[in-house]
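Chain lettering (A, B and C) follows the sequence in which the chains are written, and residue indices restart at 1 in each chain.
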């Protein structure tokens, strides 16, 4: 019932409107499949005008396709639904199946924060507010997935935008984070200076290796 | 074609096996729908035994259902796929639609690994667990920088320590490595024997390293 | 990070040797060892920091190659000490085994690349449960203290040691066998007879000694010098047989020919 071939009417209408640019049916099927693929991998609701832009289709056609797709999923009785939320489309679990999803969530696939997640959380806590690019610069890896996890757990959130050019989203910790750590404010976090460098760094220094220049304080005056 | 009602044969067989606990057909349909819902909300591959536990079904039944579901999606021509990877099931975009999805997913795409990194990764994948010294012996160069890169990208990690003297740190591949290669387990890697150089290469190398003077020179009569 | 730079061509001594033997399909007799060493030195120069470990590894292999090559150039196999011969065979077998292993994983890496390229065409769903389920999720911060967080911050922001060696005391090394050949062509006719030890007595760098030795082998192959070694590990006596200094056979053609010299 959710065969994309049945969903193509809006596209065919579209073809009539532009007879000199006829679409082959399989190209049209690809459009529906592309909507499925894009919305599936999206980490937030996908606005229809973004879909329209990506697929080079009128927004109204995209909206029609999405509505039909949602109806087809429902009719076929899938365990997921395509819903319009927060100005975009996303897949979510069907409300009927909440008891199963609850059981799964309670089971907790990962009951502990990974080391990477803890480090990212620490950076946000100590340096907030900061952009994902600043987190990336410190950690040396793309922090998107970790930030998303932390956000989904309610420990960090987007707290504003950089006033400078680009207006990057800025991240900070949440009241829940403070509550869970038993702190009144981020000012109560232990001061950084109290901690000596880790063993790895000390070893490296002893071995006479050079450290990255930004920390190696005075430049050699050897000339 | 992906109507869950068509996927229930394994469950009906299961019912026959346990006649005193008959399932109503809609309860059976719910199981397939529950799989869809759970895998949809998961952020990493869901192991079949976790699904089996949550759904109170034998693992083998869950695996059959997932396989059929995956086949049904493919047959219906959906833009997403249910795949088995890194020991569990996950939804992913259909490879056909990469051109569309790549346009959408601008960030989070990881850069390709260098040749040196891939070779080191191959050594770790096939010989794990192993120490950095063992990697160095095979590659002929200090592998520390490359191992650190692979670790920061989540492909390898320290998985233990050599019980012998020295207690060298041992390295192995991670579940993310399997996800990135689209493998269910390291056992699915092609056997290393497939890559042992053929007679031609061995001959070429032997010729390159031969001790005896060339044909135009008098051959050594061995003594 | 030096590795990142060098990977495009060779990322190790075995890699380089495999390349020279297999990809160019030259055998060790036909290519001059000079080319191997020069290719390596070119690599070293391209690297931002001279990597002592890498250089040592290469020199070990270069030494074995030099032995193999020297053995093949020896005019009379009966002169060879049987023990030395056995050691050399063992070294050769070891080198061969390592090259085969290196090649095995190189090919396996190619398959990993293909698997990974194919897998990269699909993108996983990572969104996670809807918001209203989040209240149910176990608290991931359970058991984590502010001090743990502080340590994680220090770990994350700690300077990462860069594996480079301080080289301020090491003069940049710029050697090529071709240049060494030119020097010898200039020097040897004047000396007439000279021992290898004396010829290299002014050189501090071991690499420079090896380069000179390779240059000497090159001249020997071209029939410009005669070499004599009274006993194993004894000093090598060199006699110039190529005519007078600055003569028509002289420096420019010999040195310039090294790179193209393939027999």
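We take it that a residue touches a chain if its C-beta (ideal position, glycine included) is under 8 Å from a C-beta of that chain, and two chains touch if they have at least 3 such contacts.
Here the structure is a predicted model, which is why all the values come from computation and not from measurement.
S.K.: What's the farthest chain from chain A if centres are computed as the mean of the Cα atoms?
M.R.: Max centre-to-centre separation from chain A belongs to C.
S.K.: Of the chains present, which has its C-alpha mean closest to the combined C-alpha mean?
M.R.: That would be chain B.
S.K.: Mind checking the centre-to-centre distance between chain A and chain C? Centres are C-alpha means, answer in whole Å.
M.R.: 45
S.K.: As a quick test, compute the distance in whole Å between the mean CA positions of chain B and chain C.
M.R.: 34
S.K.: CA centre of chain A versus CA centre of chain B: separation in Å?
M.R.: 24
S.K.: For chain C, what residues touch not just one other chain but two or more?
M.R.: 123-130, 133, 160, 163
S.K.: Send over the residues of chain B in touch with two or more other chains.
M.R.: 40-43, 80, 91-94, 101, 105
S.K.: Where on chain C is chain B touching in the complex?
M.R.: 1-4, 7-8, 11-15, 18, 20-22, 25-29, 51, 53-54, 57, 61, 68, 71-74, 77-78, 82, 88-89, 92, 95-96, 98-109, 111-113, 115-116, 118-130, 133, 160, 163
S.K.: What residues on chain B touch chain C, complex-wise?
M.R.: Listed in rising order, the residues are 40-43, 80-81, 83, 90-95, 98, 101, 105, 109, 113-119, 121-123, 125-126, 138-142, 144-146, 148, 179-183, 190, 192, 195-197, 201-202, 204-214, 220-221, 223.
S.K.: Under the definition above, what is the set of chain B residues touching chain A in their complex?
M.R.: 1-5, 29-30, 32-38, 40-44, 46, 50, 53-55, 76-80, 91-94, 96-97, 100-101, 103-105, 107-108, 110, 152-153
S.K.: Along chain C, where are the residues that touch chain A in the complex?
M.R.: The contact residues of chain C facing chain A are 123-130, 133-134, 136-142, 144-166, 168.
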